[in-house]
Structures are given as structure tokens and as C-alpha cells.
């Protein structure tokens, strides 16, 4: 069976995502990361939120981003997700933000998310092992892709 | 018993609320309205979300805003909530946005929200009468305040 | 020459666009409207923000939305823009939000934006006539589409 | 002359800042950090955006956050800014998020921002030394506060 470790999503910077400096606001990179993570899980048949029988969700325990060059309104960006680490109860992703609408596409930002697998009981969340049906479909990317 | 029909809240426009035109993004006025509505309900001992025994919430059925003059980063604004109508199952609010950091404070925008009282059953919401303990504390503002 | 009066854009509700009630937050419908308006102008070769020689932009003077049924995480929605009125200095749009991921797609919300054409001089904005190159490409939709 | 290395700001989690998991969305912690940074600079007489003669601004070069416990709707949080490092052209802050509405307030998240001082020339930004009038008023916090 094929296991997955990468996913690519494209989007265009929207007006509401800019700030008065004329740049995409730095907090929105984190929303781009999450929507890409979610599209990755959806592509495998899963969901970032607890639904039906498989009642796990994936709260963030760490988020980070390095900004190298700005993104502006209407810029087209490809967000490249890579699974950088798979542990029993957590997944670690990196995200490369590639600006496309330029002579030579280049990486404008590099992000990371660490997410923990939890089960919900009422208002409480308990860390739990990643369910086998998820774990069986996801693996860490080869090290050479993570640089 | 004193009934309430107005509430005032102040806030300062944040950097993340601006857009590349240098103005507060028009969608954020709706967030200011909602946070003022919520502070109004909190001041009466209620909450906009279903909690504990009184399991009602207040989905929006209509929202509107007229923009007369812009708000910019760090502008101070007073949002004046007025209950414009109280019906059996719904409340109607108007919101006056007063820019304060200027020689003569003036109204830069006028908004409105119509909210419906609902009870939740699983994923379904059913319109219901406003609970007596809420209804007893809220009344419509005098007409002369609504102009 | 063909004039345009409608545009359709699709998107999926993202996790960050939901609120604790499990619904897309009502303020985000306004962001969907604006991104659709912008895609419409881009399809005609224009931009919502002042660029280069044609230094006009389109501040919102009025925004409104009626909410009929909720949108939830991962719902697919088609936003149908229609030009409802073209005046010398302003455009009026309506937006139909059609939920697609359901047996029979239906309209879950109806929005509207009134935008004014302005030129910028420093921090000041002055209303101005819609430039001929824009006005020549846009017309109001037939009345029967606006119901 | 007194130099500053810390600042505290309080806010309450708003409804629009929550997500369908019932928690404050992780991207909003970055907005809280920035608004606290800005209040810190404002308290010293400066501004995060270029204004008037001192035409510098502070783009983010790195942002990070560790999430230890969730914040929910209406939680009150104190954001404690500390200057962790002052370099010639950049400042580094850490932010402690303290949940207040609990028997014993505790740190629910720890964030960090690295910001670079730049001057604008048209669309270009150039890193520059922190202006003396800013540098004279800010110093790094004592190491024992940064743990």
C-alpha cells in the first residue's frame, strides 16, 4: 500500500488577507498551513475534526514560520506540505511557501506545525495514539526533501 | 426592574484589522458589532452561546453596515449598541460606530444585526421564543435614539 | 463588444472560518463576496486596488447579508455575483451563496455590496466617475436574474 | 533614563476568534502578540508602522508559538511581552499567555516574534539599524525573566 508524505495546494492572496503594509499579514500563513494540512488529510479520506466513529482531532501544540520575502495581494502561492516526523501520538509537518507568479518561483516562507492526536470526552481532550487507519497511510518524508 | 436597551464598548483598530488600502477591512465592523452585542448580553448575565441550562443561542439572520468614513490603524472607536426591536423569537440591534480620536467625534459607520433565538438538538437548530429571563431584561430603545 | 454582469466562484469552507457554534462565522460571507468581486474584476482585466495608471479603487459604502441556512466546515459553496446596478460613480452587486454538497444545491445566503469608485490623493479619497474602460465592460444583469 | 523591556496587555477571547473545536484558533495567538507588541511601542511613543519622519517599520522575520492548554470563548488572558534580545537591526520578543479566569492563573501558551527594522523605498524594504530614539528606550529583559 502506498503511504503519503507530501501534498501541494495552491491559492491566491486575497485582499482581506493583506494588511496596511501591503503584505499578506503574517498570521495568515498559519491559516494557509492548516488548510493545506486539511486538504492532505482529506486526500487520504480523513478529516482534521472528529467525525462519526473515528473521534480524534488534531490540536496544534506548536506552530512556527520563517518569513524570507513578502507575499502581496493576488500573488499565487504553492504551499508544499511535507510530513517531517511521525510519532505514536503526534505528527510534524513542514510547509514550503513557493511564490509562483514570478520569473523563477522561489520559497518565500517556511513553516511548521506539530499536531497531537486527541480524543474528546466532554470538554476534556486526551492525547491518544494515532489511529491505525491513519498511521497506515502516512509516513515521514525522505530526509533530503526536508532541507 | 430596570430593562436595558443600550450598551457602549470601546476599542482601538488593530494592525491585523487593516487592509492594504490602509483602512479597517469592512468585514471587521461585523466582528466589532458581535463583540459589542456579546458584551451587552454579558452585562445582563447572559451569553451569546448556549451554556448550561439555558441552551439557546443567537444565530444571525441578517447583517448590514453603511460605511460613511474610514477607520484606520489605531483609531479609537466607540460602538454604541441599541436594541431597535424585540420580537417573540428575535432581536434587532443597530450599532453606531463613533470615531473618538478626532476634534469632534462623529459617526463613521452604522450597522445592524438581526438575531434569532434558537435551541439546538444535535446538528439541528429550532427557532424558539426568547427565554423569559432574557426577555424580562431587554426592551427596545426609544424611537428617538434610533435615528 | 460583450459586456459582463455575472461571475461564479467556488470555494470550500475552511476550519479557520468556522466558529465555536460549528458554523462559518457570519463575517466571512463578506470576505467571500469581496474575493468573488475581485475575481470578477480580474476576469475583465481590472483590479480592486489602484495600480499603475488607472488609480481608482472601490471602497465599500454598504454591505449586507441575509442568512437562510448555515454553512459548515468543508461545505462547498458557489458564490454567484450579479451586477444589480451600474451608476456613474458606483456599482451594486448581489451575491447568491449556493451550497453544492447536498442532494439539491440551494441558496443558503444572499448578500449585497455597494462600492464607490474613488481616486486617491494622499490620505484623501475622492468619489469619481467609473473609468470608461471599466464602464464599457460591465452592465447590470437582467432584472429576472436578480430575484 | 528608564529603558523598557516588558509590557502587559489584557484581552478577552471573542466569539469570532474561536473555531468549531470550541477553542481560540491557533492563528489568533499571533494577532494577540502583535497587538501587544504594538501597545508596547505605543507606550514608548512609537508605532509599528512607518509614520511621519521616522519611516521605519517592523516586518516579522520569524514567529512561533507553543500551545500548552486551550483558550476558550470569554477567557481572559494577560499577554506578557518581554524583549528577549536587542540587536542592531532587529528585536526579539517572547510572549507569555496567562489565563486569568481560573483559580490559579497559569501560562497556557508561549510565543515569540523576531522583527527586523526596515526602511521603505517604494515597494522595496531595506533592513536598517534601529533608530537611536527607539534603541535608547528599549533593552533586553534580565535573563531570569525569560525562562
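As written, the chain order gives the labels A, B, C and D, with residue 1 at the start of each chain.
Everything below uses one rule, namely that contacts are C-beta pairs under 8 Å (C-beta built on N, C-alpha and C of every residue); 3 or more make two chains touch, one makes a residue touch a chain.
Owing to the predicted nature of the structure, the values given are computational and were not obtained by experimental measurement.
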Checklist entry - Which one, B-D, A-C or A-D, has the same contacts as B-C for more than half of its contact pairs? => result A-D
Checklist outcome for this item: Looking at Cα centroids only, farthest away from chain A lies chain B
Item to check | Approximate Å spacing (C-alpha centroids) for the pair chain B, chain D | outcome: 29
Checklist entry - Roughly how many whole angstrom separate the Cα centroids of chain A and chain D? => result 24
Checklist entry - When the centre of a chain is set as the mean of its C-alpha atoms, what distance in Å lies between chain A and chain B? => result 34
Checklist entry - Mind pulling the chain A residues that touch 2 or more other chains? => result 15-16, 20-23, 27, 31, 34, 49, 73
Checklist entry - Residues of chain A touching chain C in their complex? => result 14-16, 31, 34-35, 38, 42, 47-49, 73-74
Checklist entry - In the complex of these two chains, what residues of chain B are touching chain C? => result 20-23, 26-28, 30-31, 34, 49, 57, 59-67, 70, 123, 125
Item to check | Touching residues (chain side chain A, partner chain B) in the complex | outcome: 15-16, 18-23, 25, 27, 72-73
